[in-house]
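As written, the chains take the letters A, B, C and D, and residue 1 is the first residue of each chain.
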Amino acid sequence: MSSIIGHRLKVSVFGQSHAPGIGCVIDGLPAGEAVDLDVLGAFLARRAPGRDAFSTARREDDLPEFVSGLLEGRTCGAPLCAVIRNSDQHSKDYSEIADKPRPGHADYTAHIKYAGAQDVRGGGHFSGRLTAPICIAGGIARQILERRGIRIGAHIYAINGVHDTPFDPCLVSEREFALLENKPFCVLDDAAGTAMQERILAAKGQLDSVGGIIECAVTGLPAGLGDPMFDGMENRLAQILFGIPAVKGVEFGDGFASAALRGSENNDPMTVDAEGNIRMTANHAGGILGGITTGMPLLLRCAIKPTPSIGLPQKTVSLSSGDNAALTVHGRHDPCIVPRAVPVVIAAAAIGILDAMLDDGIGF
Amino acid sequence: MSSIIGHRLKVSVFGQSHAPGIGCVIDGLPAGEAVDLDVLGAFLARRAPGRDAFSTARREDDLPEFVSGLLEGRTCGAPLCAVIRNSDQHSKDYSEIADKPRPGHADYTAHIKYAGAQDVRGGGHFSGRLTAPICIAGGIARQILERRGIRIGAHIYAINGVHDTPFDPCLVSEREFALLENKPFCVLDDAAGTAMQERILAAKGQLDSVGGIIECAVTGLPAGLGDPMFDGMENRLAQILFGIPAVKGVEFGDGFASAALRGSENNDPMTVDAEGNIRMTANHAGGILGGITTGMPLLLRCAIKPTPSIGLPQKTVSLSSGDNAALTVHGRHDPCIVPRAVPVVIAAAAIGILDAMLDDGIGF
Amino acid sequence: MSSIIGHRLKVSVFGQSHAPGIGCVIDGLPAGEAVDLDVLGAFLARRAPGRDAFSTARREDDLPEFVSGLLEGRTCGAPLCAVIRNSDQHSKDYSEIADKPRPGHADYTAHIKYAGAQDVRGGGHFSGRLTAPICIAGGIARQILERRGIRIGAHIYAINGVHDTPFDPCLVSEREFALLENKPFCVLDDAAGTAMQERILAAKGQLDSVGGIIECAVTGLPAGLGDPMFDGMENRLAQILFGIPAVKGVEFGDGFASAALRGSENNDPMTVDAEGNIRMTANHAGGILGGITTGMPLLLRCAIKPTPSIGLPQKTVSLSSGDNAALTVHGRHDPCIVPRAVPVVIAAAAIGILDAMLDDGIGF
Amino acid sequence: MSSIIGHRLKVSVFGQSHAPGIGCVIDGLPAGEAVDLDVLGAFLARRAPGRDAFSTARREDDLPEFVSGLLEGRTCGAPLCAVIRNSDQHSKDYSEIADKPRPGHADYTAHIKYAGAQDVRGGGHFSGRLTAPICIAGGIARQILERRGIRIGAHIYAINGVHDTPFDPCLVSEREFALLENKPFCVLDDAAGTAMQERILAAKGQLDSVGGIIECAVTGLPAGLGDPMFDGMENRLAQILFGIPAVKGVEFGDGFASAALRGSENNDPMTVDAEGNIRMTANHAGGILGGITTGMPLLLRCAIKPTPSIGLPQKTVSLSSGDNAALTVHGRHDPCIVPRAVPVVIAAAAIGILDAMLDDGIGF
């Protein structure tokens, strides 16, 4: 439980922010699949901190060591273990945070659950740093999916109330994904992107933070993938996506907006296209009906809450004295983690989709 | 997988709309727990159709038979099996729906997945009728939780864009739950309720349907429940909630709204209250941090898409001829399933929470 | 957990000996598979009591009702639920057994585990009667496997120290299986069978019981089925087989006998046969190496302890008084359950093998 | 699947014999538990090769690095990852083994399953070296269990037909375990031990190998542990034990011998002892009835086949040419792995029992 996900493909995530390392074990990868380490490195770099003014200035060397599972650049059927060293795990005094839980963090809940034995340094196992192993697993899964014509892309859909243009749910394309992949601040509408960046910098200037929404699309999926009821694509993907720290909402297709629609507006009409293929002429369903893919692009959105670490003084309690207390979180923190969370959402989607394909024996 | 959910408490749902019956097996219920069949019956009645003008006029006799697992009104440790007979499974000609998938339904995706072998009558295993067994399992789980001071309530939060007053995330109370339990149209603000009903009737008059949002709260939860990463309370609950047909979005606490907030607004300040207990003075987190309960009320919302069965003509395809086709869905259908889905959301929450408590050995 | 088994194919067994019914839910059956109810009925009849002098005179009408999952004689992709009514659940006074645990039964352990809330009547969920649902699930799985050229057969290998001829591990054949299927007392060597029956009758005459060993073989399996380490064919099959009440040992190939061999004797030499196929010239491994099938027949043996219900007086305790007590178990009981357990072992093997094939996407 | 085991405690084993490393992730360990690294090291040393004339002369430095999950010598609730480096992964030419599967090994089955992409060097993920991570996980679990009064010990019960004295199933004691723990060749009867060693040396002298049986006992278990049917203690332990390479049979209590007994001999009479506790006066059941512990010592035996790597020439095939071929396995190999497998069996038992206790919320 807890940090293991998947049925036929199982990803086990380990590590704490300030332990010797973090990493993952991926059990059930199909054998003989090439893993392009350059492509994987570029994918991981999208999550790495310190690339721009919007993220923390901390440096991470997130190049994983592959302890097992790879043989001459290909998966060999054995569980793949990747470890990333925590280079920067020294020193700092964590006694204040051990006593005063940071609002918005898991400090207090972990303290109760583990009765004080938890690793408080940098958030321990609850740190956003643990999304790096998710990106390793998802980055490898994505390469395997791409080889079967399945592409996954995502963009920053909203920051602090400023919205990007959404994907066209019927026409989202590989070309669009390639474009986003190469943008330092991956939005479809650059003007919206500029406004978003202003919001981030304004919050940063006031020692505050902002949240946002990420939209993710998957193209090339066959119809008929996923299971009914509790193992539908929505269930599987939601279970993984809520594993990304700070995700507080997940929706598919029109999601919460569909609640305001009428059936005649929300139902996707079906048609036989020029090539004789069955498809929908709209995609309010986000490519999923009854938990099973329709063959249209799969679309989802995740709400990311604002970074809980802010430089402003906050009200908390002292666990030792049982009194009210004030806390100011020092150190370098992302005023907005949404840009760095984009590859994590892609990775989560890739893991869920590859697992479903292996479960269904589709594509393998 | 597919129709089985849970770790220590496993619920297996079976049945099709027009098979001899539907039901569930609940494996892992603690032994010796009383099941009040009158209370359960009243809970199931909230989901039953035909109670008012907003739901289908079909009649269901959803009184389950307990085939196993109960002994003199108490759980005996053995898996509990409950079966509901499908009294009304005769006759109707389903050949048109077998050939022309209904837009917005799982007809087409099931056709692809099961290569035409699926039961198309009334939606088969994808029918909303399959939420009755979820209510049996959740209704029993809820009784066990109530005995430990944990209460679950829900209301219709929105219909077709008309919103009810939300729960006060810090002050939601058992009294409020009791009130909602007894309202035929369970909203907090009756004026909003009237407006919602007008929307439903307007849609019904135009052979159309509407969607909505359900808000659910859980009180009395201990802090420290749930696991990190993939088995947090959000992950567990989302996996069940997306098993309710028509749910297209799930959010916790401020959810998507938190994406527009700043950290200073979204972080819940902590305090020591008059009794010396640690709590938060706000609850944007919806009672969950790092996947683990904070001890504050747990709050979630589900988006329910409009009923896909509408009386208006729709565009579809003929699977046999491979041509475009028109379809008009006849028969009696709910213009809005949101009111009847309220107990289903409560049931899903109860199942997820009881499973987490059994996993953690809390309360047992 | 507890009464649910399998990965991609999940079988959930429910019921107690004297509850209204027993049965199973089979989730994950491939869709469109014909289920021949006559063949299934004949298979279930092999397990039914009262067929001869060696089994209890109790009557069971073990014809299952299919509540869901079957459509015009074929699986439809939805979970299949089968229920068998307990016709004979009346009356008898179970107060003595509730107070005095029967030696060799689960009475005492269930009493501790369920704190006295368990159903003591006839052993409740621990009754041998619960093997009927295993036979339903396994009988259906077996039909699906046969359609793919995979045959499963078994014989009584030993009773109370008298041994049958073992299967020839390289040459066991479908013809041999057909022969065994039709024998009322299914042994390969009829003289051994006669001696075994004498042992059973001798024990019966002395109000005692005997145990035995069942040998099972599977032919037609492809090489390459199963997973390494904890999900090998041995692990999967053992987990199911130990779910049959009274099974106390499981071995594959030469099993415990291989412990006395040398490597040069136990290693199976490989060869290329006349058709150019790779195979082994011996089969000490029982068709499994590294948890994965070799393509040779899979062979396993289960030790079945003597029926714990005997007519002789036994020493037990009174749970109410805390004193030593004597107990004589009355009623009709099998002096030897081994003959009736043969189809149950076949069923368990069928479930495990079909699950592994679905997991691996082999044959589907 | 495959290399992950457990419910509430999940152990994920990774690595290949000649990859950079091997190791495990342990998810779900209770927090705050001290891990004595000296005790763990001594336990691992019992499995290490090169300690005597009966094991391979290869050297391993099996000191694990703890990448995560430990904080100042205690578990912190986060998944624990331990990595052992493969110091000796150089050079050797594996092209012959890649082409000619070794009889008795998983070479051929892995070749089929992974379509030639598997790591053939030293057996890859199927190597006996992968039992080191099982010992890490089990060694830690054992420390946690000992703190709750539960002791696990094992001895070499048979080698090549020579038998040790079995444990007294009612009286096996902690003192006996301590004695065995410190014996280089852990048997109860030293004369039998001498005879066994002669058998091993004789086989070694003839470039052959021998198998054997390990008997394991667990004391201090509470009654009531384990679940019915498929998650009983036998099912759980068998699923792990068959994960140890070369295990071909598992039995509990009298196991296969019970098949030759009568019910009156095999049923364990119950009594109230001098302290008023309920216990059995015999223990043919090996401490388990209905899958649930009785409170008596739990006893099990594993059959270990002879080491498949032998120096004698063997018959195999050439995968490239499709012809028959001869193979002589060179290098240093254990003529008998049974002595080194003793701690592995103990480790497997510890993992299964701790998982069951966490599942049942017993002891935590």
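In the analysis below, contacts are C-beta pairs under 8 Å (C-beta built on N, C-alpha and C of every residue); 3 or more make two chains touch, one makes a residue touch a chain.
As the structure is a prediction and not an experimental result, all values here were calculated from the model.
Trainee: If I rank A-C and C-D by number of C-beta contact pairs, which comes first?
Mentor: By the number of C-beta pairs in contact, the winner is C-D.
Trainee: Quick check on chain B against chain C: do more than half of the interface residue numbers occur in both copies, making it same, or fewer, making it different?
Mentor: same
Trainee: Using mean CA coordinates as chain centres, what's the chain A-chain C distance in Å?
Mentor: Here chain A and chain C have centroids separated by 45 Å.
Trainee: Please compute the C-alpha centroid of chain B, do the same for chain C, then give the distance between them in whole Å.
Mentor: Chain centroid spacing, chain B to chain C, equals 38 Å.
Trainee: Could you put a whole-Å number on the gap between the CA centroids of chain C and chain D?
Mentor: Their C-alpha centroids are separated by 26 Å.
Trainee: Multi-chain contacts in chain C: which residues touch at least two other chains?
Mentor: If we look for residues of chain C contacting two or more partner chains, we find 1-4, 7-8, 13, 78, 110, 113, 125, 228, 359.
Trainee: Which stretch or stretches of chain A touch chain C in the complex?
Mentor: 7-8, 78, 228, 358-359, 361, 364
Trainee: Which of the residues in chain C come into contact with chain D in the complex?
Mentor: 1-5, 7, 13, 101, 103-106, 108-110, 112-113, 125-126, 130, 158, 160-161, 203, 208-213, 223-232, 234-236, 238-240, 242-243, 245, 247-272, 276, 278, 280-281, 284-286, 288-295, 303-310, 312, 314-317, 319, 322-324, 359
Trainee: Show me the residue ranges of chain D that touch chain A in the complex, using the header's touch definition.
Mentor: 1-4, 7-8, 10, 12-16, 19-23, 25, 27-28, 31-32, 65-71, 74-81, 83, 110, 113-119, 124-125
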